[in-house]
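Next, two complexes with subunit A in common: one pairs it with subunit B, the other with subunit C.
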Partner chain A sequence: MPKWFMPLAGINAVMFAAAPFIIASANYEATMGLVQKIFYFHMPSASMFLVSAVVCGIASARYLFGGSPRQDRLAYAAAELAVLFGAITLVTGPLWARKAWGVWWAWDVRLTSSLMGWMVAWAYLLVRKYGGPGSDKLAAGLALFGMANVPFVYISVNYWRTIHPKTSVVPTLPADMGMALWFSFASFLVLFVLLLRLRVYLEEERTKLDALYLSLDE
Partner chain B sequence: MQPSLRRATRLRQGFGAHASTRRHGALICFLLLLVVSTPLVAQQQQPEPPKQTDEFVPISQLPPQDQLPAAPLLVTAYAFVWLALFGYLVSLARRLSKVQREVERLESDIAKGSRT
Partner chain C sequence: MIRTAWLVLKKDLTVEVRSLEIAYTTLFFAVSCVLFFAFALVKEGKAPEDGAAGILWIAIAFAGTLALGRTFERERQSETLRALLMAPADRPAIYVGKLLGIIALLIAAEIVLVPLVAFLFQAPLLSHPFWLAAVLISGTIGFAAVGTLFSAMLVRARSRDVLLPVLLYPITVPVIIAGVRATAELLQPDVELSLVRFWVALLLALDVVFVTLALWTFEPLMTD
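Let's look at the complex of A and B:
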């Protein structure tokens, strides 16, 4: 593991310990009240879900057209993180919606496209696990569709009529709410980098293991 | 039995019988009072039946006692985030340590094989 990993993990642990206090000190939203505070973990996890899908897509494209195993390992790691952060987004969102909208779920463009992106990430992992030989290339093709879905998820709230808040709420946040949001965002971003590196390291160790088994056969 | 002791016993029995009769009388009076007064009290305490609804009056906001509390939803959301992240970290650590143990075992096997 690289030298920066453990110090950064320590800093990230402190950031996550401090985040609830910063979130609690932010003002309440006028119409939604207390439940709006879910936003401070929902939005960063949703962003990391989309970042994971983009990283997975780019790495898969580079693997498909360049053939680098390193890019394949990165894509595999990013797909797993897309499932993790997607799950967080799709669980915290309905908990917020239940209070704010009165329903757990709506077949709204943002929600439906996010669910589709999450299912593509799951499909990637399932193909990799059970697809047999050649499944890495097949999964890489799937990851391209996962990445293509990302801009659609992002702009959906601005182009279609939906009950989900628009992307314009973020730049218009008052200072205390903005501070809580960007602090949480930074915490999730650092966590994403750490988890991605750790997951890639696991794939590197598995590659080493495969090489050892091959050398034993020879 | 000594005469004084017999007298004392008779007196105690007599006193007991009088006391028992008085207790029964008081109990009967209390029950009668209860039976007589219950319908009166009930009549006084009974609230007026609600008026029959002949129209629905719309309001834009739910009354506070009918509103869904936000705190359980907020706590569930944050608890899920922590559990999911912690669970993933534990799963990653377990998978990593398993692979690393196997790598070490194979490396030592190969080293032994090359020595012999």
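Let's look at the complex of A and C:
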């Protein structure tokens, strides 16, 4: 593990411990009240979900065209994080929507494309687990198609008539809410980096172990 | 390049025409699929609104999955896919040839399915034949573009029958959504052609993205 990992993990723990207080101290939104505070977890985790999908896609492309196993390990780790942050997004979203729209789920473009992206991440993991030899390339091909979905998810709210709030909401937030949001965002970003590094490390150790087993057999 | 694609297509069609195995089994499967939906959904002689559009596309997607699996299973049996890849030909050309074969097969299935669905669900599917053809062809290209790439890749994988839908369906969801919405719009009493045009444009955009990505990745993906 790199030297920066443990100190950064400590800082991140403090950030997540402080986040509830900062979120609580931000003003209540006029119409939504307490429920609006879900947004401070929903938007950062949704962003990390998209970031994971992009990291996975780029690493997969580099693996396919360059062949470095390092990129493959990175793509694998990012796909798992896409499933994790996607799950947080898809749980917090309906909790908010139940109050705001009156329904848990709507077949809106953004919701549908997010769910689809999450399913692609699951498909990636399923292929890696059950595909047998050669599944790493197969999964890399899938990740490229999954990445093509990301810009679609991002722009969907601005170009289509949907009920999901637009991306332009974020810059218009009052200072206290913006502060809380960006603090949460930073916490999630650091968490993402930490988890990604930890997962890549785990995969590196596994590769080493496999190599040792192989050399023992010979 | 075009010649190689044409040769692969001609080979596939010749094999298929001699046995008609995939054509018959796929079509039989698709028809049974439509019948199941007819039993489940048609009540007192009336099908639910937009039901026909959804059922037509589900039948196409399921039959397409089956056809994709069989086409490449045939190539696997005596390692002919490996032989094809070892031939001194452009890999993308081989992909294009395979893709055209699948598209031809699916369009043949659709020619039977459309009148059947129109008949069983009393849907005016044939009132705008040109637009329906545009929707079906552009949708089939998108579905087959992804399907051909993934089933070619899966030839070497374990449990490929299960993994093909796992890979194919999440990626092709937008194609199916656009296809269903456009077909449903065509079934309305007064069709709004601007909406249909929008969905067909989206389908064509997806076709371009999928075919480009597939051509770009086919070479590294099929290299051992």
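Keep in mind that, in the parts below, the second predicted complex is superposed on the first by the 218 of 218 C-alpha atoms of A that agree within 3 Å, B and C clash if a C-alpha of one lies under 4 Å from a C-alpha of the other, contacts with A are read in each partner's own complex, and residues count from 1 in each chain.
We take it that contacts are C-beta pairs under 8 Å (C-beta built on N, C-alpha and C of every residue); 3 or more make two chains touch, one makes a residue touch a chain.
Here the structure is a predicted model, which means the values were calculated and not measured.
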- Query: Overlaying on subunit A: subunit B and subunit C, fit or clash?
  - Reply: fit
- Query: First (subunit B), second (subunit C), both or neither: which does A:Gly131 touch?
  - Reply: second
- Look at A:Val91 in the shared chain and tell me whether it touches subunit B only, subunit C only, both, or neither; answer first, second, both or neither. first
- Which of the two partners, first being subunit B and second being subunit C, lies in contact with A:Ala106: first, second, both, or neither? neither
- Message: If we overlay the two complexes on their shared chain A, which of subunit B and subunit C does A:Val35 touch? Say first, second, both or neither.
- Response: first
- Looking at the overlay, does A:Arg206 come into contact with subunit B only (first), subunit C only (second), both, or neither? first
- Message: Contact-wise, after the overlay, does A:Ala123 reach subunit B, subunit C, both or neither (first, second, both, neither)?
- Response: second
- Query: Taking the superposition as given, does A:Val169 touch the first partner, subunit B, the second, subunit C, both, or neither?
  - Reply: neither
- Touching A:Ala9, do we find subunit B (first), subunit C (second), both, or neither? neither
- Message: Between subunit B and subunit C, once the two complexes are placed on the common chain, what is the minimum CA to CA distance in Å?
- Response: 24
- Show which residues of subunit A both subunit B and subunit C reach, each in its own complex. none
- As the complex stands, subunit A meets subunit C at residues 64-65, 112-113, 116, 119-120, 122-123, 126-127, 130-135, 137-138, 140-142, 144-146, 148, 152
- Under the touch definition given earlier, write down the residues of subunit A that touch subunit B in their complex. 20, 33-35, 37-38, 41-42, 45, 84, 87-88, 91-92, 95-96, 98-99, 191, 195, 198-199, 201-202, 205-206, 208-209, 212-213, 215-216
- subunit A-facing residues of subunit C, complex: 146, 149-150, 153-154, 156-159, 162-163, 166-167, 169-171, 173-174, 177, 209-210, 213, 217, 220-221, 224
- Task: Flag every residue of subunit B that touches subunit A in the complex, lowest number first.
- Result: 68, 70-71, 73-74, 76-78, 80-81, 84-85, 88-89, 92, 95-96, 99-100, 102-103, 106-107, 109-110
